[in-house]
Amino acid sequence: MKFAIQVNEGPYQHQASDTAYQFTKAALEKGHEVFRVFFYHDGVNNGTRLTTPPQDDRHITNRWIDLAEKYKLDLVVCVAAAQRRGIVDDDEMKRQGKDATNIAPQFRISGLGQLIEAGIQSDRLMVFGD
Amino acid sequence: MKFAIQVNEGPYQHQASDTAYQFTKAALEKGHEVFRVFFYHDGVNNGTRLTTPPQDDRHITNRWIDLAEKYKLDLVVCVAAAQRRGIVDDDEMKRQGKDATNIAPQFRISGLGQLIEAGIQSDRLMVFGD
Amino acid sequence: MNEDEMMEEGGTIKKFLYVNRRAPYGSVYALESLEVVLIGAAFEQDVSMAFVDDGVYQLKKGQDTKDVDMKNFSPTYRALEMYDVEKLYVDKASMDARGLTEEDFVVPVEVLSTEQLAELMEDQEVILSF
Amino acid sequence: MNEDEMMEEGGTIKKFLYVNRRAPYGSVYALESLEVVLIGAAFEQDVSMAFVDDGVYQLKKGQDTKDVDMKNFSPTYRALEMYDVEKLYVDKASMDARGLTEEDFVVPVEVLSTEQLAELMEDQEVILSF
Amino acid sequence: MLHTVNKSPFEKNSLDTCMRLAKAGSAILLIEDGVYAAIKGTEVEAKMKAAAGDKKLYVLGPDIKARGLDEGQVIDGITVVDYGGFVDLAAENDKVQAWL
Amino acid sequence: MLHTVNKSPFEKNSLDTCMRLAKAGSAILLIEDGVYAAIKGTEVEAKMKAAAGDKKLYVLGPDIKARGLDEGQVIDGITVVDYGGFVDLAAENDKVQAWL
């Protein structure tokens, strides 16, 4: 079965990103396909490579990166939400005249159409939020 | 009268940062002193210079910067919360081995003691959150 | 995918429901969910929007955000018709509890009983929650 | 500042109350508020903690976060005593509504009636809410 | 003592707990989504009218206007203030508790 | 149809609205802070027992354990599942509504 995952909240503040990760991992381990993980609202904050959580706690961004590497997951950060919150890749840096990027490896910034497409292409859309 | 302000939520997702800003501005315009604005939890996300909100909407980070310049406000981002969420200045970049910073001008990263000190030194601590 | 899900061009048409349960301005969900609906319109899906709980406040006439310095996005609901998003449903129980009537809304809506709304949800294929 | 607020060393002692109203793990507030309390202890203020509404769940014995892969911070409540944070108050109404008793908690607490808790709040100088 | 409530009374329990623990004579200011509690004709109106008996109730005008409501819809006994009035309330009362 | 509820029934109205709008026969999974609704001896127990009459109720075990609760405290008629069971529920039901 083909799942799509929507994550509406950032790392640590709410459990949404944790639950989304555990669900995605469990689905993949059961042999399901995950068409895309779409990060919306504060969810875009999962996609920064600049976090350094305490060593005795999980590293939420790196967990997503590892899962993406292992299963070739498509991790998409919504561009409109990212602009409001300061998640920037090379293209956005140039386009918005910024002086730095903070996007994490394996994440890509794209439009809201990617969420709609995920809803169309997948069998189930799962929403995780606050 | 001396106020201290605590902001628990990031820009845009919740109104907390807006209300904190409007309160701080009104207090300053009435001639009160604002000892410090302390950004905690997701509130640290107010302190990134990488945001580009839509042109027909307010720029939350720049509004804080402008207010800080005008009134010499002390805008403090909690270091522990910032590490979890990827808000980085030059010192943190070196200490954590990161390759970029995203802290906005007028904001500084410091410890939780700055919040306690603000509670001790000010006449009123105002908390804005979700 | 069954046959009546296929457009002549070969694209899939699914029944999308956007469930809005939050008041405007207190959080960004109402605004950003509207952005999804507008982008999603280009995909020519079968779109419905449901306003439940505090979500009914999103449609309240007369919103004036000048004093809070936030973007007033309520006129956008009136633009939905141009995007062929015409199925707007309001939960009667939520409307009644808040002392609102259809005349309070910026756009014409269909008011549904609990049973009708439950039926509407059951009839969907993709449900996005904000 | 009146005289009994002054320590012999010249520092101010204020009555700080931390109000905890959120369940653990669903959001980070419980964990990060505990971090404030621990840092704040170094300032030798007159500290109380109140657990109200879902905040009483923070103190529940037997927390085991292995399967959710989050940091179990409940042992920290037992360490508060070492930091001279000994005034922990639980709202009886909140405890009762959740079917909890004092035996369910990881640390000894004082259970307060609504009237006593209202009095405690009134008696504070700085109230931090999470 | 000033209490602030920023959540809708229909969505969260913050206002109820605030009402329970605020002492007679204390001030309660409704802000952000909390302002919906100040409006006539809703299911919480009776609760607010009862609270107005022994507490001083305020509501933030800019948040009312933003939400398409107006001062004429505010329950009698609840005073509308602007951000400056919010600052005054915080200064006049000896401490502030935010019910988040 | 599967409904998920991730908020405490004491804090937010999500569970109530879910219960009202979920049709008989549908499945409801309690996750995150929503799991408190599944526990015996609370003020919401009666409501859950009534709901178990015509709906299939589930609760996420890892979230129960994290919060210091155990399966023995779960109300009769509510089934405990792990993340794999959550995936199975999402796959078995034709669509999923998250009550955030």
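Lettered A, B, C, D, E and F in written order, each chain numbered from 1.
Note that a residue touches a chain if its C-beta (ideal position, glycine included) is under 8 Å from a C-beta of that chain, and two chains touch if they have at least 3 such contacts.
All of these numbers come straight from a predicted model, not from anything done at the bench.
Engineer: Within the chain touch network, how many edges lie on the shortest path between chain B and chain E?
Structural biologist: The fewest steps needed to get from chain B to chain E is 1.
Engineer: More C-beta pairs touching across which pair, A-C or C-F?
Structural biologist: Counting C-beta pairs in contact for A-C and C-F gives the edge to A-C.
Engineer: Need the most distant chain from chain F, centre defined as the mean of C-alpha atoms.
Structural biologist: Most remote chain from chain F, centroid-wise, comes out as B.
Engineer: What whole-number Å value describes the gap between the mean CA coordinates of chain C and chain D?
Structural biologist: Centres of chain C and chain D (C-alpha means) sit 41 Å apart.
Engineer: Taking each chain's centre as the mean of its CA atoms, how far is chain D from chain E in angstrom?
Structural biologist: Using C-alpha averages as centres, the distance is 26 Å.
Engineer: Calculate how many whole Å lie between the centre of chain A and the centre of chain D, each centre taken as the average of the chain's C-alpha atoms.
Structural biologist: Centre-to-centre distance between chain A and chain D: 34 Å.
Engineer: Pull out every residue in chain D that's touching 2 or more other chains.
Structural biologist: 25-28, 53, 68, 70, 126-127, 129-130
Engineer: List, in ascending order, every residue of chain B touching at least 2 other chains.
Structural biologist: In chain B, 8, 12-13, 15, 22, 41, 54, 80, 84, 125, 127, 129-130 touch at least two other chains.
Engineer: Among the residues of chain E, which ones contact at least 2 other chains?
Structural biologist: Residues 6, 10-11, 13, 32-33, 62, 82, 95-96, 98, 100.
Engineer: If each chain is a node and each touching pair an edge, is that a line, ring, star, complete or other?
Structural biologist: The chain contacts form none of line, ring, star or complete graph.
Engineer: Provide the full list of chain pairs in touch.
Structural biologist: Pairs satisfying the touch definition: A-B, A-C, A-D, A-F, B-C, B-D, B-E, C-E, C-F, D-E, D-F, E-F.
Engineer: Which residues of chain C touch chain B in their complex?
Structural biologist: So the residues of chain C touching chain B come out as 25-28, 68-71.
Engineer: Which residues of chain B touch chain A once you look at their complex with the stated criterion?
Structural biologist: Going through chain B, the ones touching chain A are 10-13, 41-42, 45, 48-54, 61, 80, 83-88, 92, 96, 98, 100-102.
Engineer: Hey, which residues of chain E end up touching chain C in the complex?
Structural biologist: Per the stated touch rule, the residues are 6-8, 10-11, 32-33, 36, 39-43, 45, 61-63, 65-70, 82.
Engineer: Spell out the part of chain B that touches chain E in their complex, as residue ranges.
Structural biologist: 1, 3, 8, 15-16, 19, 22-23, 25-27, 29-30, 32, 123-130
Engineer: Would you pull the chain E residues touching chain D in the complex into a rising list?
Structural biologist: Touch residues, chain E against chain D: 1, 13-14, 17, 20-23, 26, 94-100.
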